[in-house]
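Presented below are the structures under discussion, each in the form of structure tokens.
Both complexes below contain subunit A, partnered by subunit B and then by subunit C.
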Partner chain A sequence: MGRLSLISKSISIGKVTEKYPFAPIEVPEDFRGKPKIDTEKCIGCTSCMNACPPRALEVYDDLERGVRVVHLFLGRCIFCARCQDVCPTGAIKLTKEFELATLSDEDLHQIVELQMVRCEECGKPFDTFRHLLYSVKELPPWQREMLFLCPECRAKKVSELLTFAKGGGGYV
Partner chain B sequence: MFEKSLWVFHLNSGSCNGCDIEILNIFAPKQDVERFGIKLVGSPRHADAIAFTGPVTRECLPKVIEAFKAVPEPKIVLAIGSCACGGGIWYDTYAVIGGVKELYKILKEEYNIEPPTTIFIPGCPPKPEAIIYGAALARGVVEQKQKREIYVEELDEKTERDIVEILFGESTGTRHFLPQITVKNSEESKNEP
Partner chain C sequence: MLIEILEKNGSKIIRHDENIIIALVSNKKLKKVAKELFDAGCYYATGVGVDERPKNGAFAMYHILNCEDEKRYVIIKTFAEELKIPSITPVICGANWAEREAMDMIGIEFEGHPEPERLIMPDDWPNGVYPLRKEFHYNQKVPAIEVKPKKRKKDPKIMEVPVGPFHPTLHEPESFELYIEGEKIVGASYRGFHVHRGLEKLAEERLTLNQVPFLAERICGICGFTHNCAYCQAVEDAAKIEVPERAEYIRTILLEVERLHSHLLWFGVACHLLGFDSGFMHTWRIREAFMDIAELLTGNRKTYGMNLVGGVRRDIDENKKKKLLEILDKTKKETKEILDNVAEMKELINRMEGVGVLPKKEAREIGVVGPVARASGIDTDIRRDHPYAAYGELDFKVPVYKEGDVLARFLVRYEETFESFWIVEQALDQMPQGEILNEDYELPEFAYGLGYTEAPRGEDVHFVITEGGNKLYRWRPRAPTYNNLPAVPIMLMGEKLADAPIIIASIDPCFSCTDHVAIIEKGRVCRCSLEEYLRLKR
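So, the complex of A and B:
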């Protein structure tokens, strides 16, 4: 009688197999899928690179062309969503996309290239326009004149000012 | 590529068992892939495809190479998980070769074996449906969705000038309320005795 009861149970439950590749499926609400960079919001601040455990997100400067490259390689991503937590502008978000299989690993890259500002003194690119626009609100007004100087030139200028500053003041 | 049933040999090269459990899941009743003729086999000599997981640790590299040589041509490699695709979180450690790409380099240099057709299935671990999608891609049932994306920000001279003006124009609207400290001009201070 045990087998017969099993048959009746399987009939009452019915089919459980999904029709997946021929019919779409729903994913859970908090599913962590493919991370996607919003190219309009990204400022190239490198905070996502510092948070990424497997270095799937790399940010590097191409000094010859004067661009900062934000490079996302999905083949190494572990979908931990730390980049989403840490992004100051909300540019990187994890979508619900999971169909990422490819025939070549070249298709697993997302590259964002942002224009950089050149230093007024030495002409070396040092920061992106978008990052300067974002961080200018945090700067005190007396540092605005050195906004377009690279860190090295800025240090030189500050030391010059400190050497020639006389009487009162104290700090620059 | 393969029109008939795909027999899969499961090759674990030092994986954490996350991807292996997802591979076993797709043979369970909910995502039953035996309806497509996909079947796990015990020996690499019977297999058409390799379900490859793990970042290829140094210890199991010779065994992995032997298993690769044992699978008859033509073959397909399903690189399942981030570790197999690009090394994952262990991509630069000393004990790990770092994914199938590095393994193919070794096979080409040492044994003169051409790299087989590979399907990369990223995920940590990939959803069972993602693995089914990869297998369906190998069969040519579905089309590839993922594409390489490149965005280049373009700035004209005019917009650059606008941005510079905005940067200097915002100097008054800061939340800092400290008084501005004036510094004597360096030339003047030079002239002073």
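So, the complex of A and C:
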């Protein structure tokens, strides 16, 4: 082969350049594109936040309004799909969408707000409704009674119960 | 034999198995042990400085050597008594950068080091602040100090030609300064480490065990998967995690797909540098098919994100396998057609033959790895010598050329490309059924692990010390270019200026991978300074 055959080769191949962006481009079935949170399914369990390597996903509690905020910032996302792996309810999924260039910063944020439960004793919001409902199946019956107590009040109650069971304390 | 050398010198053996020996050597004996190991056929892989004050109350230095004859890694550990350790650079010059890196990052003083100057940290970094010590935090900011640029003597006969701070074709931050007399290069200096990103600190302090693979993958934009694989293997070695066989095969397939696309990329760059742009276009057109393969198997063109400690995340089903074989079959023919065409062009061969020679002796002393070593007559390949993933069960040849010039490096990569096709086909054929991820493990406290892979550019070493829970105590990745780069000034010596770009590119440099951990190299390689080169010339 020499230069001439290279020319004939080039002619036989023709154009290989894609028409993109004037024609759409196909991506395979399992493509890892923009993550999307299903607001109906998310329970605010924070496991995606713990798995996310670049901290693109953050979950924090807004105690004043009593909501848990799941905040996804695409500017940090590395499209690794770890959140999809660890999500217990399948709420977060990576879509096939990859055209993320935008002029406004707002397009890069996705915020999910989940209503929180207030503690029966102290009135502090401590967990989301959905997460409580999800985890109630896992709890032993004696703990279900204390479902609407925040972890601190629950600990207090448990120690009270224990002292009661031992026969000590001033309640008898 | 290695174990005899260590025992004879009264070292305490910490770990001794098929692949790795770890020994604690006293400061007095260190130089002698290093010399004897080097004479026994070891080359210097990398060095790691560790702040072990919370555990042992001292700083420690680990020298990692690879013995090709015994097919084993030897790690010699020494404690820095009063922050001082004797330097082994006078006996193994490959240790130069690693020791200076430990000096910058940990603050250990190496007694008898021929050039104890700053390597990694920028000139305006304050003295006495060491980022890899445990009291330094990853998000800590330090004020810059003022620096005055050093005055350099100028020789009216010699002209300085800067290449960089961006490589003309590779688009990476690197800066060579070539010293020219007429047309000939009489000296060369490299200054790098412009993009040091503090990965190690980040991994130690902020990331958890299964988050680090994604950071490791981003060390390199071309051979990221091999870094991520080496990291996972290091942790698996430390925690004695068994990886399912199917996962090993999937890793092998992806490693080879990565090698294919990396080598084709290099062929394209080489053609472009030699002025043969059609070759560049054609190799990159073929390479696109491998990017599609990667997208099909992993979900993305680059940054595969496939590895976790204990296995891989996605399976290769029958459908994907069929598609993969179809693409491979087609690209194999095309690759052969184009590369043979390139290899038959006399003008290209003339520009590569006898250019940028790296003799075997120098190559061994510096400790070059991968295709650069194989082109200089050193028969080494981690895949064959230290089988990892599924390479132990596969059949492949390791091409070795004696000439040591750019053409030899071209031919080594040429043969390797077709070996890679063969390896992928075998692996797809032999792949067993079963699990792909083993998540049932516990991380021990303070265990050592070593992971090694043959990246497209050479041996890739990751050293890990675990902390327990799901954290790391220390992680040290070493990219192949770290070992290959010091050889470039030797190759450049006495060549024409017009050949400089192809010579620099012939090691397939990955400057940013090297930089994540360390640089400032001024006009010198090993023990030979610019002044000495100039003296040699006259």
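Brief remarks on what is shown
By our rule, the second predicted complex is superposed on the first by the 161 of 172 C-alpha atoms of A that agree within 3 Å, B and C clash if a C-alpha of one lies under 4 Å from a C-alpha of the other, contacts with A are read in each partner's own complex, and residues count from 1 in each chain.
As a convention for this text, a contact is a pair of C-beta atoms (placed from the backbone, for glycine too) under 8 Å apart; a residue touches a chain by one contact, two chains touch by 3 or more.
Owing to the predicted nature of the structure, the values given are computational and were not obtained by experimental measurement.
Touch criterion not met for A:123: it reaches neither subunit B nor subunit C.
Looking at the shared chain after the overlay, A:6 reaches subunit C, while subunit B stays out of its contact range.
Of the two partner chains, subunit C is the only one that A:28 touches; subunit B does not reach it. In the superposition on chain A, A:53 makes contact with both subunit B and subunit C. Between subunit B and subunit C, B touches the greater number of residues of subunit A. Contact with subunit B, but none with subunit C, is seen for A:102 once the two complexes are overlaid on the shared chain.
With both structures placed on the common chain, the touch criterion links A:90 to neither subunit B nor subunit C. When the shared chain is aligned, subunit B and subunit C each come close enough to touch A:78. When the two complexes are overlaid on their common chain A, residue A:110 makes contact with subunit B while staying clear of subunit C. In the superposed model, A:16 makes contact with both subunit B and subunit C. The interface of subunit A with subunit B overlaps its interface with subunit C at residues 16, 27, 53-54, 78-79. Those residues of subunit A that touch subunit C in the complex are listed here as 1-3, 5-6, 9-10, 13, 16, 27-28, 30-32, 50-54, 78-82, 85, 94. Chain contact summary for the complex, subunit A toward subunit B: residues 16-18, 20-21, 25, 27, 34, 39, 53-55, 67, 73-79, 97-115, 129, 132-133, 136-137, 139-142, 144, 147-148, 160-161, 164-167, 169, 171-172.
By the touch criterion given at the top, residues 29-32, 35, 82, 85-89, 91, 99, 101, 117-124, 126-127, 129-130, 132-134, 136-137, 141-142, 144-155, 160, 163-164, 166-168, 170-176, 178, 180-181, 183-184, 186, 189-190, 192 of subunit B touch subunit A in their complex.
Note for the complex: subunit C touches subunit A at residues 207-208, 210-212, 214-215, 218, 278, 282, 285, 288, 295-296, 299-300, 303, 305, 313-314, 337, 340-341, 344-345.
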